[in-house]
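Each of the two complexes below includes subunit A, the first together with subunit B, the second together with subunit C.
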Partner chain A sequence: MSEEIISSLKSEFADSILKVFLEDKKILVTVKKEGFYDVLSSLKGMGFDHLSDVTCIDYIKEQEFEIFYHLWAHKKKLRVSVKVRIPRDSSSIRSVTDLWTGAQIHERENHEMFGVNFPGNPDLSPLFLEDWEEIPPLRKDFDTRKFVRRKYYGEE
Partner chain B sequence: MEKLRPKAMIKSIHEARAWSLWVVNYFNSCGFIELFPWLGSGYDMERFGIRVVGSPRHADVLIVAGYITQKAVKRVRRIYDQMPSPKYAMALGSCCMTGGMYWDSYSTVKRIDEYVPVDVWVLGCPPRPENVGHGLMMLMKKIKGGFQGH
Partner chain C sequence: MKSNPEKEETFVPFHLPFGPQHPASGHFYGSVKVDGEEVVELEPYPGYLHRGLEKLMEYRTHIQNSVLVDRICVLEPFSNEMGYVNVVEKIAGIEAPERAQSIRTIMAELGRILSHITWIAIVSLALGLDSGARIALGDREGILRLNEVATGGRIYPCYFIPGGVRRDLPEGFEEKTLEELDYLKSQLNLYDSLIFRNETFVTRMSGVGIFNAKEAIALGATGPNLRGCGVESDVRKDEPYAAYPRVNFRVMTMKEGDAYSRVLCRRGEIAESISILRQLLQDTPKGKFRIKMTTRTPKGNAYFCCEAARGELCFHMVSDGTDKPYRVKVRGPSFSHTLSEFPYLARGAQIADIPAIYWSLDPCPPDMDR
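Right, the complex of A and B next:
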């Protein structure tokens, strides 16, 4: 089952997929930013009807964010992770709320914690943080200890 | 009150107040697990007239336990403001006093007494049920002595 999906992905999106392989019953797909939405919508057509999570990793040395989409197919009992790299300074990626409605809250959280912009998402207002004036707190260049010392202990 | 009533009556009012502490909880983490034995028949806090109520408008004591975030502390203050006077506050566990293990987090509040006036501090991470009881007894002792809260 998973070999069929891998081969059909390889043949259909030969130019936008960088890497596909099977790891521990999970298919890992690395996609270019340009073709990621087509790959995700074709995966949804293959039966991956559940979006488990959208996560973000900050690769500060490469100046890139990596966005992960974890998908699950209820009938096939298969897991796919799609990862996309986007540049850190203009971090913006198309929203997938029109494919999976549940993506809305994950994208909202990533927008708050990493500052990634998701055009197409209906509501990106702050979720957990109130009165936040600093850079997004889960970015690697945000020094929590320095922030706490400055804000709560009055040190510079 | 002091002018109108004789001394013995005032003393009995303090005594009565101390023996009917109604508690409203604001619990975020493991501190509540350590209050459970007091809620149940094991330690049984109803024998001291202490019970948990659902509404802050009926409560005398606010027990704050666990990590309080910047977002949650506004709700704590709102609960405290809704309570009728005389009101008391108790901080449970080192997390809400110092920030605990996550003192360097971007979201936790380091000292709860900067936001809510705390009368009794119960130390521990989390405190033992005996410590919780000791804190409640200390509060009762204070109220018996005429403590009116903040």
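Right, the complex of A and C next:
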């Protein structure tokens, strides 16, 4: 079944898909930013109805964020991960809230922790952190130890 | 009754706080906007237990992290350890020996019973059945002692490490566990008559917080909350890991999708876990319980999901070739349960039903905040 999905993705999105392969019973799709939403909405149509997680990774050397969408199909019992890279400055990617309602809260968390903007998400207000004035804390250039020394011990 | 236009003009919605005092909600605060007795909206304010675990892990080695992940959820450390060690092993390209897999499964199932029994205590406390809480917390003690016998720790065992488990099961552990399981099995009847068939409990739980399978899936529900709507979804069955391919068990499902069906799913899972444990304890494979793993892991990406007591628990790890992970993302089941399903189910409910809906979802604030 996973071969069918791979071949149909390859033929339908030849321009936007950079790489698609099967790894350990899981399909891994690398996609360009321009076509990522169409690929995800097509996967939703194929029965990938559960958005398990949205992970953001900060590749500071390449000045890029990598965003993973981990999907699961309840009927087909299959897992797909779609990854897309966006530039680190002016990081913004279309929200997928209209495909999976549950994406709202995952995107809100990633907005808070990485500063990625998700146009189309109805609520991106701070979630965990109160009165946070530093850079988003899960970015690689935020040093937890330096922050603690400065904030709580008054060291520079 | 006729509506009074003057009164409507002066209507100011009242914000009722739900939590963050521990007995009401765990360390979670929901601002409930009410109109009379009806909930108009519920806005969640998490973060009381946010420790930045994902960031802390980036500063620590894989072995140090296997101790840290216990703290993700206080009530069921074994599932978090199970997820973490498996994702590290996947990146390192090693596999734990069969005996270790079996021991891990035994401990994870004990952890599931532990978590469900603690939940019985909390849910009966939330609905005013005080004696249920006392009895369940007393029964929890038996499993905590088993934890101590096997691992040395009661609440935080720090037992699984990449490549196996820290030490072998002590002599006599099997017998002690089987004895405890017999006791728990007999206690289930008591829980049934005292809590699950208690008229107050049934009346307050049934017919509240209803969602159907489609809504639940869209909101990201997993575990007993999704199985309560009739979806047969269980990571242990769908993508078997550790020793689960070797055991037989049923996936508990209910059709109604209300709070009471979620409760019954959990009650049924305790019995299933007892049966899984009996199968595993009968023939634990002999052999090594641990293999050596290099401190450095190769570059790569791995995503691993396991079934925690609350639902799907996933770890995503990125390794850059050093002895520390470049990035770890934890997908705790309670994140979706509390922040996306709970506000949805609370809308339109009565104030008095809020605790029943909340605890029927079995949220764990430390797992949500990380």
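Keep in mind that, in the parts below, the second predicted complex is superposed on the first by the 156 of 156 C-alpha atoms of A that agree within 3 Å, B and C clash if a C-alpha of one lies under 4 Å from a C-alpha of the other, contacts with A are read in each partner's own complex, and residues count from 1 in each chain.
Going forward, a residue touches a chain if its C-beta (ideal position, glycine included) is under 8 Å from a C-beta of that chain, and two chains touch if they have at least 3 such contacts.
Predicted, not measured: the structure shown is a model, and the values here were computed from it.
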Once the shared chain is lined up, is A:Ile6 touching subunit B (first), subunit C (second), both, or neither of them? neither
Comparison of subunit B and subunit C by subunit A residues contacted: C
Mind working out whether A:His74 is in touch with subunit B, subunit C, both or neither, as first, second, both or neither? second
Mind working out whether A:His50 is in touch with subunit B, subunit C, both or neither, as first, second, both or neither? second
Which partner does A:Thr144 contact after superposing on A: first (subunit B), second (subunit C), both, neither? both
Counting only touches as set out at the top, which of subunit B and subunit C does A:Phe128 meet: first, second, both, neither? both
Pick out the shared contact residues on subunit A: the ones touching subunit B in one complex and subunit C in the other. 128-130, 137, 142, 144-145
Going by the contact rule at the top, pick out the subunit A residues touching subunit B in the complex. 128-131, 134, 137, 142, 144-145, 147-148, 152
Within the complex, subunit C is touched by subunit A residues 24-26, 49-53, 55, 57-58, 68, 70, 72, 74, 77, 79, 81, 100-102, 104-106, 109, 127-130, 137-138, 142, 144-145
For the subunit B and subunit A complex, residues of the former touching the latter: 69-71, 74, 99, 103-107, 110-111
Of all residues in subunit C, which touch subunit A in the complex? 46-47, 50, 52, 54-56, 59, 90, 217-220, 222, 231, 233, 238-239, 303, 305, 312, 314, 316, 318, 326-327, 329, 331, 335-336, 339-340, 369
